[in-house]
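Below, chain A partners chain B and then partners chain C, in two separate complexes.
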Partner chain A sequence: MSQEVISGSRRKFLFLALLLTVALAVSLLFSLSVGTSLVSPKEVLTCLIAFECGKSAKLVVDMRFVRACVAALSGAMLALAGTLVQGLTRNPLADPYIIGVSSTSLAVVSAAVLLSPSVLVHRQVLIAVAFAGALLGYILTTTISLLSGGSGTSLVLSGIAVSALFSGISHVLLYLSQNRIAQLGRNYVFLLLGSTSGVLRQDITYLAISLATSLAIIFVLGIPKALNAYLFGELYASQLGYRVRALTATTALVSSVLTGATVAVVGVVGFIGLAGPHIARISAGTSDHRATVVLSALTGSILTVLADALTRAISAISSWGELPLGVVTGIIGAPFLAYLVVKGGRG
Partner chain B sequence: MRVRVDGVTFSYNSVKALDDVTVEVECGKVTCLLGPNGAGKTTLLKLIASYIKPERGAVYIDGKDLKMYSPRELARLISIADPHLPRTLPMRVVDFVLTARYPFQGAFQYFERDNDLKVVEEVSKETLISHLLDRRLDQLSSGELQRVIIAAALAKRPRILLLDEPSAFLDIRYRFDMLDAIKRYTLAQRTVTIIALHDLYLASLYCDTVVLLSKGKVVSYGSPREVFTSQIIEEVYGVRVKVVPVDGEILLAFPLPSGEGTTIQEQTAS
Partner chain C sequence: MTHKALTHGRSIAVVVVVAVVMLLAGIAIGMAISPGGSTQIATTIHVPITQVVTSTRPAQISVIDALGREVVFDGVPKRVVSLAPSVTEILFALGLGDRVVGVTSFCNYPPEVPRLVSEGRISVIGGFWNPDSEKVVSLKPDLVIGSAGTRPHLQLKDLLEEAGIKVVYVYGNDAGSLYDVVRDIRTIARIFGVEDAAEKLIKEIEGEIGSVTITIANATRGSAGPKVLFLLGPPAFGLYSAGGDTFIGWIISAAGGVNIAGKFSGWPVLDYEYILSNDPDIIVVSAMGTNYTELVKEIGSTPLAETKAYREGRVYLVDQEANDVLMRPGPRIASAVKLMASIIHPELFGEPETPVVYRMAGPAKP
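Here is the complex of A and B:
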């Protein structure tokens, strides 16, 4: 019985991982061909693989390639951070946004931008600043939550308080520095609601390094298994030989790195950190982190790449210009999540 | 295998939960911790599981201080089952029971081996949960959940088995089934088994040794026959009891109500 159940879910996991990887590749291809000028997927493929393409197509594909990669990486990172935070709080409603990590990160970034707008161009500094902000947010939220009893509900409530306060602060700070940001050719709304329009080629490297480091830490330290044990209580995890304090600290640190890096590069993109883990969990049929860590990263990645492609498609056919990414992730992600919740609730 | 709790004192925020407790527990026997709420039963179990550290005194396993064992060694040796299981994120029964095998897996082993699955297979037969394995934990009844928790404790194949209220939420049939399974495992594997119980009747049926705790101190210690006298029980619980021997070995301890509103009172009044 246990053998069949486990080998069944192993097969399902491998199948889903494969399916999502293919879907990610297709979405990336789609994303490269969509925009103000349409490039056919076939042409995109020849450009990428054979390096044979027209000068204009190459330019377009090159530019979109950076955006699509950044979207894919930040989506994966946000969803991964969401999975970790939900495990850490044992709360399916938690995401990097709800526990206040993204808004403190953005607030610190905004403060840095106000003090010296050139920080937007110095990406290493920006990522370090955003990461510090994310960590500050986590410490603040958990402290308030501990002071109020340390339950899951109190964590979410204190997270909402922290995030309301700091998104207010960052709105004000960004509003104050909007002229300086505009001088650098940016729109401050894009930092608030996320966008890949201002990304630079080197951002791919920074995001890739942050993601790779986080994944290395997650897998080398065996965090997926440890979080599985931690879901059943601190006593349960500790009797399995896990050092609970070290586990929670490391997991919080990794999710702050992931969130901070994405906030620095694309701003605050909501919903991915919540939808990614949920979609992964519902499709895998369990919260086993060994599966959800991988599946949520892939799901988050696909959602963000598609949302980014959609922002460009909309700007191509309308006169509104580009919509912020964070708005679109909600619009395409929410119906899908709702469908899965309804379906999962019945099954 | 032998566990010795030696002069242990522990307090939560300056409220003493255990006060100079000394207990020695042998293997192959079921030892029961009894006592009213707040007597220190759970605290004692957590101390033996090394989840909390004693302020004074020490716990020894085979003559070696708990502090000298690594967390991994202890994780393989000791199982502690707590009836309160958080289950806010949906996990399946099989995922939960398999977590008990983690201490036996290598640091870089991502998935379980067949051997782990075999253990889970055996354990689910012993605890009658085979049909529940692919169900989600949040869809179980409280009685089913209790059996799953006991299954996870046994799935570690522990040398020291600590159970907190394993009979809570179970109906009368499963109480016997679960305690039978625990007793069988104790005898077969020669484990040190310590159970915190509330039910005096079950204690007299299944326990070889009884440790009666009250306000953090050991009040009485011995076989159920020795400990279960109406005088001791009444003193500790503050309730009148009638102890009735059955077949010379088993004791039935009937708590008698003292308050109003019981059917006995109403019947005698009418």
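Here is the complex of A and C:
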């Protein structure tokens, strides 16, 4: 009897995973055909399928491909990190930035710019500095959390303390360095606001390496199963033989690597890390982390790819230029989430 | 009955309504957040021209500032605080330097400003973005002049007026063309009754710009000029450019170039696809104090290396004085047009001479 239930939900999971993968492929194709230059979707399709490209079409498809890949990877990473953090804190309102990685990253970047403006020149250096800042946030948060017992609640509270401290520090530093960063009508808070407009080919590698490492850690250590037990309480998890402190610290580390890499490459993108996991959970009808880890990565990916395509479409027809990605992810994702919530609440 | 209808039959309608409302709210938030978006367009619609309001008593002078406020002066102000480098430049160009008691830490032109500051005859009231209101008030000025496009300046208004200090806003960083700069000069001149000096200055500026534009018009004979990409900072910082309604955008077109970001408003973020499909002939980058050779190398490692500009070695970095000239909507606007013209048409005006303009070394090997 119980065996049947499990195989039934497994079949549902496989079906959903397949469906979402197809949807991701379709969104990627759609994303490749939208852009600010006048290359027709037909030309793009022949370029992709038949490998017959004009020189200019190939260049355009190349650049869109880089952007779409970065969007897909960072969306997957954020939603994955969101699933882990929500499980870790047992809080459905937690998003991956709650560990404090974005504010420390911003603080370290602005300190570096203040010390030497040439940091701004090299994208690789900028990414390395931002990532180091994100890890610094993780180390601080986990240290404070472990000193206070290492529970999920203490992690949230330490994260809030670290975020508050470093967003204060980063605003002071940016205020001091704003003659370099924002000489004109631009306010300094726009720094690190997520966008894929300036990403380069090498960024795909950075993101892919972080995602692959994180996935390896997640599955080798069996984090999804451990988180399932952890949902029922720390005592329950430790009675099942899981080391709670090690579990919280590792899960927080993986989430920080995932979030820190996206902050360093594309900046802060809201909504995905918060809502991606919910969309995955509601559509799968389960909170089993073995399923939601995979499904949330796929839904996050799809949402971000579509949002990125929409920012380009808006840039092509309006006079605003590229909008921040986080705004558009919310516009696309929120109605869908609302629909699922209403449907889930009824069913 | 209604209860039942609400739970079953109309649920889809409810979902649709919720979705539409959220979509509209999202778009509204997006428009509010979008950098330099609709707000900037709105401010340019009702253009308050500095009118000469004829007054029966010659002692009383009234001006209408860039916000459309009428400010009345009973006498000529004697102690003035300038909140923007361009305002300081206008005051000194009109020979009003002896009235200035406070400037920002960015005010470095004309050269007598830093000299007067180091002698302690002019005080520094903070930065352009963060003027210190206490310092401004402690200088006991009759008049504070700020930039209408700079929010921290607008936030000072009530505080200063409460302290009995008159505040006038000029277009400043909101200026979108020579005409806004001319208006700023006339507004300031009228307050101090130095209209003659202002007209002389404006004539000079217009004459210099006119000779540049005539030279270009004669040489190009109406054909479209080279395409120019302006970047506000290194590409790693984000591809921020200057839209068609900005000061830089106006300078580029006055100097005979076609600004490829001209269809945008404010300071848009571009992407590599947009830039490459417009294939700029010239790229001008505000270097922001970074290392020049490193910056050119970095530009070569981005898709910008595929542009005609990079292939032909026409990437220019502007920094320090050159950057100040291009960024400040003040009396040096003619120098700004000349500088941009020598970048765009070196065959007519020679390579740029203003420090610091750095041109990348030689055409890149194909």
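Side notes on the structure shown:
Keep this in mind: the second predicted complex is superposed on the first by the 248 of 347 C-alpha atoms of A that agree within 3 Å, B and C clash if a C-alpha of one lies under 4 Å from a C-alpha of the other, contacts with A are read in each partner's own complex, and residues count from 1 in each chain.
Heads up, the rule we're going with is that a contact is a pair of C-beta atoms (placed from the backbone, for glycine too) under 8 Å apart; a residue touches a chain by one contact, two chains touch by 3 or more.
Keep in mind the model is a prediction, meaning the values are calculated, not measured.
By the touch criterion defined above, A:Y339 reaches chain C but does not reach chain B. Looking at the shared chain after the overlay, A:F15 reaches neither chain B nor chain C. In the superposition on chain A, A:R290 contacts chain B only, with no contact to chain C. Touch criterion met: A:L235 reaches chain B, while chain C stays clear of it. In the superposition on chain A, contact of A:P92 is made with chain B only, not with chain C. When chain A is checked against chain B and against chain C, the one touching more of its residues turns out to be C.
When the two complexes are overlaid on their common chain A, residue A:R312 makes contact with chain C while staying clear of chain B. Comparing the two interfaces of chain A, the one with chain B and the one with chain C have no residue in common.
Looking at the complex, you find that chain C touches chain A at residues 7, 11, 14-15, 18-20, 22-23, 26-27, 29-31, 33-37, 40-41, 106, 127-130, 149-151, 173-174, 232-241, 243, 261, 263-274, 276-278, 286, 288-291, 294-295, 298, 301-303, 306, 323, 327.
Within the complex formed with chain C, the residues of chain A that make contact are 35-39, 56, 59-60, 63-64, 67, 117-118, 120-123, 126, 175, 178-187, 190-191, 195-198, 200, 312, 315, 319-324, 327-328, 330-331, 334-335, 338-339, 342-343, 346.
Of all the residues in chain B, the ones that touch chain A in their complex are 46, 49, 51, 71-72, 74-76, 78-80, 82, 84-92, 94-100, 102-103, 105, 107-108, 110-112, 114, 117, 120-121, 124, 130-131, 133-134, 136. Listing the residues of chain A that touch chain B in their complex gives 1-3, 5-6, 10, 86-87, 90-92, 152, 219-220, 222, 224-225, 228-229, 231-233, 235-236, 238-243, 281, 285-288, 290.
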